[in-house]
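In what follows, chain A forms one complex with chain B and a second complex with chain C.
Let's turn to the complex of A and B:
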């Protein structure tokens, strides 16, 4: 029950999904779609599980008055506020839920990511010390793409944007394709190992 | 409505400044905004899942009498057994369903969407009559083949294989550099957007 049932469920769910591609027959497709729909529902529960875990971990910190516990109160208040607003009053445009998204979540998210502009620059300074030919290639390409994507690039040399376009469409694309093909082969082999039960780490080590 | 907009602008500006304060050093304003962000974001995604997945796919059909959906409902509830040591193993049933479907998606999705399409897109003529286009096609072919040689670890990178792998590294470095440059520029545009918001929408210093 502890090992065989999950292995069977995993195999059947994957098997019907794959065979639906090769056997486009109505009943078969229906079974595959049913499994797919069930997985979507279970994933929705996983989101709730994630939120429940946040509550559990942070409420423990508050109860024990651990370091920075006051901020955990802010975190849980924010979570509770959004759930009350979203489930109680809806999520459509014009609702308070949407107002909080536009005036709190969106600006905070954009600012968090924009902070990286500063740290990525200092990281680049440390990482781009050109010691080898390969490091030089990386650094020079990065600088060319950065300059070519702003108006000063075109101001310096008319064809700068064309050069960047060529870098993106030829050498960059070639390496990206190699990565995508390699990753696809890896994902397919891992998927097969999971379905036949050779890869079982999702069961917690057993 | 106008006052809601004004309060919203001030709230957004305040939270933006709280997060920018991290540039000085870690401080209570940043910590406040950081924790608030985690809380409201988790609530936001939970509500989206409730309205877009849970209700239309589970709750509404169940109320209409589609009782077969009690199976995924029960599997979903089993996920919460992870909180108990004794019944932890039951959560594997729900995890197995998710992993099984994702394994299927990986095999079919990556096979048809990435593997076949990328190989097909790279089957290019090496002479087209136009020397620039021919050179580009040649570089694309060499780049993909040498890049794949670099990722082939079953054979030691020596001799011809080693030379191929080395050329593959050059292409990969160009790709990483381009991706890095792109990422920097996207972060810069976000930064410009935030500064524009503070100076324009909030302080009205720029139009």
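Let's turn to the complex of A and C:
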């Protein structure tokens, strides 16, 4: 029973949500909508679980004075501060919560993402070495798209954007669609295996 | 002499990354200080994005999903502002949601800047921010059944059913189209898979440059009615909407930095081929 019951629940739930996709009948969709609302509530509780887990894991590190424990103190202080500010004083514009978001989180996230430009430039310099024919194809296409996608490409040759659009719409699209169809077929077969109980690793054990 | 050139080329092949960083910093910063304003044309995916909004009748209701965070703001914030501008110019009603928690303050700031600041639109009548709801694809599907029960209150805590803009809005059937500003997952792909194919509603997307190639198949199949890819897409769109913004201003920096990367790739390959024979001999 310990195996059969979870398998049955998985089959019924999976079958129900698949059928909801294909059966546009009012009562059926109303039931599905109720389940969806339950799912939204359950997912929201996952946040509480996540926060509790962060507190548990990081407080252990602080207690044992493990490596980089000082950073964990900052993390937990930040977590506590934002929860207190958000729940206690609101999250709208003009609140301290929003001020911290716009003046601390926003610039920090933007800075982290901006660093990518430097690393991508450095990686491109090292990665695009024409060692083989395949590498040549990749490198030349990358350079064409890179230059053709910015105004200076059009300034140098006015048909550059058309060439780039052709690359995006024909070879790129063909390869991308083939990968997508392959991946989708794989996902369908895995999903079916889970539904009919052939794939049971989600239940743990062997 | 030949040995000296070879030595220079060898050192170029192993160029210190900090030198590349300095050049990139200059290529990004200098054009922002001294703009060149290189002109550019509008590409078909951007034109389609603009046309799909322009074809809507005045007063139609549009769902604007701002699914991004500050990390992708340089690319997505300009297109978010430009999209709001076009929607306000056309007197379309904007219902905004966010599937990323960090997207809510950004959407709110965009509304304050464009809808209120530039067009003097009224909250609850011309636009509404329903805020963030966790649940990703489940929320998307749930909106297809009942929007007010999925978002009972808006970002400011008002009851959604009491707002004039929400009058007669039950699900996707009551909306003219969806515009998604997408920074990743959940984003455009999920909107297509869960909503477009199922509820048959028009979707236009603005996304980061790195994810744009992924959406070309959907654009060609007609599942996407327009696509803004990265800052260049935003810049082209700003040109169509008629107000120069951050996208256009970033184009010179992007042009020069791409050119600098190209020069480094070229130098790296010249150095590689020139020193290859020597390495083989050794």
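One rule holds for everything that comes next: the second predicted complex is superposed on the first by the 197 of 206 C-alpha atoms of A that agree within 3 Å, B and C clash if a C-alpha of one lies under 4 Å from a C-alpha of the other, contacts with A are read in each partner's own complex, and residues count from 1 in each chain.
Criterion: a contact is a pair of C-beta atoms (placed from the backbone, for glycine too) under 8 Å apart; a residue touches a chain by one contact, two chains touch by 3 or more.
Predicted, not measured: the structure shown is a model, and the values here were computed from it.
S.K.: Pick one for A:122: touches chain B only (first), chain C only (second), both, or neither.
M.R.: second
S.K.: Check the residue A:23 against both partner chains and state whether it touches chain B (first), chain C (second), both, or neither.
M.R.: Once the two structures are laid over each other on A, A:23 reaches no partner at all.
S.K.: Applying the touch criterion given at the start, work out whether A:75 contacts chain B, chain C, both or neither, answering first, second, both or neither.
M.R.: In the superposition, A:75 contacts chain B only.
S.K.: Taking the superposition as given, does A:57 touch the first partner, chain B, the second, chain C, both, or neither?
M.R.: In the superposition, A:57 touches no partner, neither chain B nor chain C.
S.K.: For A:191, select first, second, both or neither according to whether it touches chain B, chain C, the two together, or no partner.
M.R.: First partner only.
S.K.: Output check: A:180 vs chain B and chain C. Expected answer is one of first, second, both, neither. What do you get?
M.R.: In the superposed model, A:180 contacts both chain B and chain C.
S.K.: Regarding the shared-chain residue A:93, is it in contact with chain B (first), chain C (second), both, or neither?
M.R.: second
S.K.: Pick one for A:171: touches chain B only (first), chain C only (second), both, or neither.
M.R.: After superposition on chain A, A:171 lies in contact with chain B alone.
S.K.: Could you tell me if A:161 is touching chain B, chain C, both of them or neither one (first, second, both, neither)?
M.R.: A:161: touches chain C, not chain B.
S.K.: Is there a shared patch on chain A that both chain B and chain C touch, and which residues make it up?
M.R.: 21, 36-37, 39-40, 43-44, 46-47, 91, 101-102, 105-107, 109-110, 112-114, 117-118, 120-121, 124, 139, 143, 146, 149-150, 168-169, 172-173, 176-177, 180
S.K.: Under the definition above, what is the set of chain A residues touching chain C in their complex?
M.R.: Where chain A meets chain C, its residues are 21, 29-30, 32-33, 36-37, 39-40, 43-44, 46-47, 91-93, 98, 101-102, 105-107, 109-110, 112-114, 117-118, 120-122, 124-126, 128-131, 139, 143, 146-147, 149-155, 161, 165, 168-169, 172-173, 176-177, 180.
S.K.: Name, in rising order, each residue of chain B that touches chain A in their complex.
M.R.: 4, 7-9, 11-13, 15-16, 19-20, 22-23, 31-51, 53-54, 57-58, 68-69, 71-73, 75-77, 79-80, 82-83, 88-89, 92-108, 110-115, 118-119, 121-122, 136, 139-148, 150-151, 168-185, 187-188, 190-191, 193-194, 197
S.K.: In the complex of these two chains, what residues of chain C are touching chain A?
M.R.: 15, 17, 20-21, 23-25, 28, 38-41, 43-44, 69-74, 102, 104-105, 108-109, 112, 133-136, 138-139, 141-142, 145-146, 149-150, 155-156, 198, 209, 213-214, 216-217, 220, 230, 232, 235, 251-252, 254-262, 264-265, 267-269, 272-273
S.K.: For chain A, which residues count as touching chain B in their complex?
M.R.: Of all residues in chain A, those touching chain B are 2, 5-7, 9-18, 21, 34-52, 54, 56, 68, 71-72, 74-83, 85-87, 90-91, 97, 99-118, 120-121, 124, 133-135, 137-146, 149-150, 166-185, 187-188, 190-192, 194-195, 202-204.
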